Structures are given as C-alpha cells and as structure tokens.
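Letters A, B, C and D name the chains as they come in the text, with residue numbers starting at 1 for each one.
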Amino acid sequence: MIDIQKQPDFRNIPIDQVGIKNLKYPVRVLDRSNGTQHTVASINMYVDLPHHSKGTHMSRFVELLHSYRNDLELSLPTLSKILDEMKEILGAQSSHVEISFPYFIEKQAPESGSRGLVDYACRFLGTSDENDQIDLISEVIVPITSLCPCSKEISLHGAHNQRGEVKLATRFRKFNWIEDMIELVEGAASCEIYSVLKRVDEKYVTERAYENPKFVEDIVRDIATALNEDDNITWFELSAENFESIHNHSAYAYITSDKMS
Amino acid sequence: MIDIQKQPDFRNIPIDQVGIKNLKYPVRVLDRSNGTQHTVASINMYVDLPHHSKGTHMSRFVELLHSYRNDLELSLPTLSKILDEMKEILGAQSSHVEISFPYFIEKQAPESGSRGLVDYACRFLGTSDENDQIDLISEVIVPITSLCPCSKEISLHGAHNQRGEVKLATRFRKFNWIEDMIELVEGAASCEIYSVLKRVDEKYVTERAYENPKFVEDIVRDIATALNEDDNITWFELSAENFESIHNHSAYAYITSDKMS
Amino acid sequence: MIDIQKQPDFRNIPIDQVGIKNLKYPVRVLDRSNGTQHTVASINMYVDLPHHSKGTHMSRFVELLHSYRNDLELSLPTLSKILDEMKEILGAQSSHVEISFPYFIEKQAPESGSRGLVDYACRFLGTSDENDQIDLISEVIVPITSLCPCSKEISLHGAHNQRGEVKLATRFRKFNWIEDMIELVEGAASCEIYSVLKRVDEKYVTERAYENPKFVEDIVRDIATALNEDDNITWFELSAENFESIHNHSAYAYITSDKMS
Amino acid sequence: MIDIQKQPDFRNIPIDQVGIKNLKYPVRVLDRSNGTQHTVASINMYVDLPHHSKGTHMSRFVELLHSYRNDLELSLPTLSKILDEMKEILGAQSSHVEISFPYFIEKQAPESGSRGLVDYACRFLGTSDENDQIDLISEVIVPITSLCPCSKEISLHGAHNQRGEVKLATRFRKFNWIEDMIELVEGAASCEIYSVLKRVDEKYVTERAYENPKFVEDIVRDIATALNEDDNITWFELSAENFESIHNHSAYAYITSDKMS
C-alpha cells in the first residue's frame, strides 16, 4: 500500500511543528504527599518536518503514547524518554509535547481542620532540540482570593474581593514540585482558597483577606520577588487575573523574566 | 438532480427537531434607550420532520435568514414571521428558533456619573406549534456582586464577596424589555456591576454591597417575589450562581414557577 | 457563633434546588472490561430548601463527598447512598446530583488491531424525591463519523463527511453499561471513530463510511429504533450534531420519547 | 480621597503589562465591500508599570474606550491613537491592545449563486513601544474543508474529509485587508466553506475537495509559499488544525517565519 506521507516534497518549506492535538488520555502525576495521583490529560505532540518530506505519520504519536498504557507517569525521565522516542519513530530533529491536566491537593481548613480537595489546572511543556537538549516548562494555574487595597482604604467598611487566577510557568535547574509552586503563589494572595470551610474557617479567611489587601500588581510582584530569590528557578512567566466582583471584566498583570540573561 | 431528502422513510419515526445549529449572524435588537442596537448572534433553527420524510432541507434555513440581510431585527413580529416562514418553506407542523447574543447597556457610575457599557448575555427562544400558536421565552444572564451574609456576621471586619451570574428566563403577556428584566435582577443583588467606576464610585459600591448582604438563596427569592407580583409575567425559570471568592466552585440556587398552573 | 443559614425566612418561597456547582473531583467509574477506571469529574449537588429556612449549609456537600475520599465510585448503590445522605445532613425533602466525566475505552483498529484509547464525555444525573424514589439518567456523548447521503448521490466521486457528536440520555430498568450505549450509538453512525488507525485501517473506515451514508436524521432514527426495541430502556433523549465539513455551522436532529407514557 | 495606586513601590520590580482583560464592546471594522461593518469585540488593554509605582488606574482604560462610543472603528489610525492615548493617560512607556471579534463576509455559492454570510474569528494586536513605534499584527481564523490525500489514494472510493481551521497572523508593510488574508487561506484548502449550498453547489464542493486533497502539512506549506512571495508581508505565524472525521483528536501543523531576519 502506497505511503503518501513518505513521498518527497519540492516546495522547500520545512515545518516547525506537525502532529496531533487535543488527545485526551488518563495519566499519573507525581504527588508530593501520596507518591502519584491519577488524573486525565489533554495532550499535544509535535515534531519538526524537514523540507523534503511530504507528511508525518500521525498514528505513531498515539501508538507511542499507548505503549505506556496503564503506566503513563508524567515524570521527568518518562517525558524525556517520550521526547526521544518521538524523534526516533518519526525521523525528526526536534520534538515537543504539551500536557494539560487537573491536579488535586487535599487541604485542611485553617481552623476546623476539615479536609477537602482543591483542583489546580497544570501543564507540562517539553521540547527536545536537534542536540537532544531537553527543555522543560512546568505551569500551574492557581485560584486565589484577592481583596482590593483601594476599596478597603476608601470605604467605611468592607472591601471588594473576588476569585482570581494566577498562572505561573517556570524553568528550573532541578526537580520542582507542583505543590511548591502552588504554595508560593498562594502565599502571595490576599488569602488562599479551600474546598471545605466551616464557619470558624470562613471567619478566618474573611479576616485574613481583609488584613492582607493586594492588587494584581502586588500579587505578581510578590511572586516575582520570591522567584528571583530562588536559585532553582532560571526563568518564569507569571500573570494574575482578577474576575472583579464589581465589573464584568478582569484586572490583569503580567511579568516575565529570564534570570539567565 | 435527485433529491434524497425528499424520499420516503419507512422507519415510522417522526423527529422532534431537525435543522441548523450554531450559525453566527449579525442582528439588530430593540433597545429601550436607542431604538435598536447592532450585535452578533448565534442561531439555532429547527422544525419537526414527519415520520414519512427522509430529511429536511438544511440550506433553506440559512436562505430564509439571509432574506433579512441588513435588516434582521429581533422583534416579536419578525420572530413570528420567521417561525411561520420556516414551517412554510420546509412543509413542517412546528418550528423553533434559539437566538443568543450579547446586549449592551450604557450605565452611569453611581457617584461620578462616568459612563461605560455593560454587556449582558441574552437569548430568545421562539416556538410555533401545529396550531400556529407562538410561544416566546426571553432570557437574560446578568452579572452581579453578591456579598455573603454569614461571612459579614461572623467576621470582625470585611465579608467575602464575588461576581455572580443570575439567569432569568420569562414568558410574558405583553412586550417585555430586556432592560426591565435586567433592572429587576440588579435590584435583587448585593450591588449591581459597572464598567467604569472612579474612586468615589468604588467607595459607593463597596459600602452598598456590605450593607446589603445576600445569599444565592436570597437573590432568587427576592427576584421570584418581584416576578410573582408582576402580572405581565406568566412563567419564569431563575438561577443564581456565585463564583465564590473563597472556593474554586460555585454556590447555586434555582427556582421555576408556572404562574398559570 | 451565629448560624445565619439556620434562621427563619418569611418570604414564603421554597427553593427547588440549592447547593454547589462545578466542583472538580477524582472518581472511579465501573468499567465493563477492567472493573473500574480512574477519571476526573465535575460535580453539581443540590437539595430543595423549604420556604421557612433562610439558607442551606454549602460546606456539608463537600464534606459528604470527601467522606468517600479515595473511594468515590460512581456505582448505582453509591449514588443512591449519596442522595440519601444529602437529604439527611441537610434536612431536605429531595436531593439531586449531576456528575460529568470523561470515560476511556480501549479500541482496536478494525484491520491492524492496533490499540488506543477513545474518550467519551459522560454524565450521570440522580434525583431522590420526597418519597425516597431514586431516578437515574445516564448520558453519553459519542464522537462519530457521518457521511452525507445527498453529497454521495449527486457527486461524481467522494462525499463530504465530518466528525459528529451523538448525545444519548437514557432511563432504564436495570443496570446499563456505558459501553453498551456507546456501542449502540456507534453502530448507527456511518463509521465509528478510533484513536489509532494504520493505513489498512484508514482504508477500512474510509470505505465503510462511504458505503454507509447517513444524515443526522438517519442516525437519530436508527438509534431510536434500537432503543424502542430494548425493554431495558424506559425513556430516552437523543440528538445528533454534525460539525459539517462544508459549513461553519452544524446540522442537528433531536428525538425524545417516554416509552412508559 | 487617598489614591493608593499612586503611592510609591519599593520592591523594585517593573511590570511588563497591567490593565483590563476580556471587556466586551461593540465596534466597527473596515469592510472591503461595504465600507465598515458592525460587530462585537472582546478587548484587552495593557500598559507597562514602572518599578516605582504601586498600581495602574484601571478605570481609565474603559473611559478611554468609551470616549469613542458609537464610533469605535478598528482602523490603523484609530488603533494608533488609542495606543498613544493609553500611554498618555496612564503615564506609561509602552501600551498594548488585543481586540478579538467575529467578522462576516457575504459569499455566493459556487454554482447557484445563493448568498449567505460566513463568520471568521479575527484579532488585532497592537503595541506602541517606548520609542512610539507601533507594531501591528492582524490575525484571522478561517474555517476550511480538508480532504486526506492518503485516505483518497488507498481507498476504493471516497476519502475522509473534515472541517479544519487555519489561524494566520501577519505583520505587513502597508494596509492589509482581512478579506485578502482569508482568500489566501481559502485558496490553499481542499475547498472553502460556505453558509448556503444548494444541491448543485454541494456537488461542486464535494468534487472540488475530492480533486484537491491536502494534508495539514500541505495547507501550511501552500500558504507559506504565497506569503513568502508577498512583499507586503514581513512576518507570519500560521497553523492548520483538522478536526479529523475519523478521530476524536486533531491533526496540526505550524510554521512561523520572520522574513526580515
């Protein structure tokens, strides 16, 4: 049977990335407290295509993934191995994966100690270049409470507050727990969020947020300060978005920094 | 050229709704302040299909819509006419349209008077039955501020608040302005939301929300009370959802009532 | 500490549903081939609120869920138990849960036998009424290939085809496997879809779809015919939506039937 | 009244972008056939914030936008003026806007000449840097039909095809019509899509796609070839995504090129 993809191409245009996008797959993720946890990912897998090849072989990406069936663990060694295998089975110079998944952390309410799971949207981006150098980016999206310093200052009582989201992507020297990045972000919010809050806890988080007002500007600056002091982090990209309780649009702040440059 | 859709069908199964879904189209909507306003809709159009027909003629829905090009006004007379024409051109007993669109209202900030546009997600649902009776439902989704009564009561200072959304669908006797339904909902919130708020306004909305705490339960009850007292409303379906600032999930309350039954 | 929610309410308006919405949670689902499988759900949990109570206690929903931590299995006995417990801990007359999750089935390519996982969006809806009667609805969204009979008939060669989605919700007498409903739907498509297809398989599915053209009308009728003949099914709601390859909108058909009425 | 945002900041961290996100607003866009057209946009507006300032003044972004009320035309002169004004009213060194909107083009069916509107998701990104240099990127997302060359070649009859989306972002020397970029993309597809297709047209598009098979790789290469030959284009970023009719995931290809480097 003829292999159309394998035919030569004469347009003389290499393609930066070609592959499959938005494949859903169950995965296991390293969990600081419990070893690993089961979750479900959306996966993109791309390789480069040299100018002389007509097409890539899309089915091989899914076959490769399925060779890990029942054991697809999103650890650094496994991701590196997958990036290498992608290049090998597709005859490519570079390979790239993007894996998005919800991650769950059991948190205890601050006063009652009641337990519940909070979900965080996470993403790993991995690239293997033509020199087999692996580049890995780890990203977390952390829901937070923010309370407006201006509103607090100018009002007789109360202050508008809201759910916000901080997105933090990092490059790092050695292994970096998802949990560590989440805790760093939560420490810079007016208050962290929880799944279960009894009344004693609701009193605590309400007062904690009120005593700790933060603009989106403050949140990204406090996180950037902590990242600048952390030698393990070599690069970061960071945004805070508040789903304003007094508007139907968001407040937004963004910082990126390459600490190696 | 053969017309496959027109062929007989022998499975003896009538189809409740068949047609096109998610067609984007520019429209004009009646505007209480300005006559009409331009916006963009997502449109579903369905008819019934009797058991003996193999298929409907999908292109006729879009042709019908396009016969209004440059003049598709979402008024009751036009919607009724479209529902009638759908039945006629498709030989159907019943017809149904669903039209979703953002709607803009210019609001003045409560103290400074600064002006800005707030967007509201709206939807019209129209049905013409086998007796040519028209049934129309008008729906608005209204962003609001809600402030938690429990959090206020138990905390030394402050109270958690957040953006919420109220979805209100109504049937009515005579014409019902989108603006009227939106104002009814906004009056039941801890505070309404705005696009432009200067500092004097931010002080106002912060204090107003703090003095006016509401659970989702309170919001739907206050709206239901107003709807029960309004003779023009014959049926409603109503929900309030808070995007809790202290959780990563929502608080939710729902009431429906057929006042004619 | 005062319990605001517990206070009396004098508006005389009962609330149909009140609770939490869009809580993400890891769950296990019964799996016909493997016993159970791990996945991640989005969960809504509501109870009714009598007219004389001011508010429900939102944290109890999450506590109840978390009492199943590490063992939240979406089986009929567990769902029934959760519905009962919701009524008990919240002093409610009725309770309702909605649980949405991706579900994975390993499929073999039709010729090569290559294996891959296909994901299906599923949902369970459970209600316990004031007489402790449990009502359960099981829903699957099945991606399919559809090929247009009209396009095939009138064209010299080829026929437009596309990805479609069939949504099927059922009530049933005795246990009903997700896999059984998915197979029933896939059997009514022009061809089922796969994750891994080698060239011999791609030839198979291309020819199978071409030899098996179906309108959305045909798909819902063929599924309805099968459901009508299945004594285990007592009610169904069924739609097919084609993401037309020749349009930027969808073709849609919908049938619902209460077989007990 | 105290101005908290205006206070000094001592963390010594400048912020790359701060402002408002996801504000909905009605706009007018230049239309090659009709002068202008009305549509609805989602708008992000950011400025930089120097290290010594605590916060930006979020309300000024919305006030600025509203100063164009009833006349917000997304032309190059207006966008440049808005970028300048953002810097001025916020005391910033750089400013950035992102404006996303659906755009409608009336197309005639290829044989019958029947008319209908097709919607295209478009986006303008504008930046004014510290030297008042304006950088503008224009982006279109174009729905297309793609037909698989491999499937056609190996199958007895038929070939799988599907809706796809091409996203094309360009920088250019002189004005560049949205319509021109869309036509360039549509010319590289297996066939362009339409809103209204009568049977003679459906025959035409079916046969045209069958005679014109394209991988995602072919589509991005053919578009890149045309862009490389167009002296007006100085930079592009280009992807094609097929919503495969035989899979539940997408096929994807991506090329970017800075023609000035």
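The rule we apply is simple: contacts are C-beta pairs under 8 Å (C-beta built on N, C-alpha and C of every residue); 3 or more make two chains touch, one makes a residue touch a chain.
What you see is a predicted model, and the numbers here were worked out from it, not measured in a lab.
Hopping across touching chains, the smallest step count from chain B to chain D is 1.
Counting every residue number used by either copy at the chain C-chain D contact, over half are found in both chains.
Greatest Cα centroid separation from chain A: this falls to B. Distance from the chain B centre to the chain C centre is 25 Å, each centre being the mean of its Cα atoms.
Our note on geometry: chain C versus chain D, Cα centroid distance of 35 Å, whole angstroms. Put simply, the C-alpha centre of chain A and that of chain C have 29 angstrom between them. Those residues of chain A in touch with two or more other chains are numbered 1, 23-24, 62, 119, 150, 154, 195, 197, 199, 203, 248-249.
Every residue of chain D that touches chain A in the complex is listed here, in rising order: 1-2, 4-5, 9, 11, 13, 15-24, 44, 46, 49, 54-56, 58, 62, 149-150, 153-154, 215-218, 220-222, 224-225, 241, 248-256. The part of chain D that touches chain C in the complex is made up of residues 118-119, 143, 145, 147-148, 150-152, 154-163, 191, 193-195, 197, 199, 202-203, 205-207, 209-210, 243-249. Put simply, chain C touches chain A in their complex at residues 1, 3, 23-26, 37-40, 59, 62-63, 65-66, 69, 102, 104, 106, 114-117, 119, 195-200, 203.
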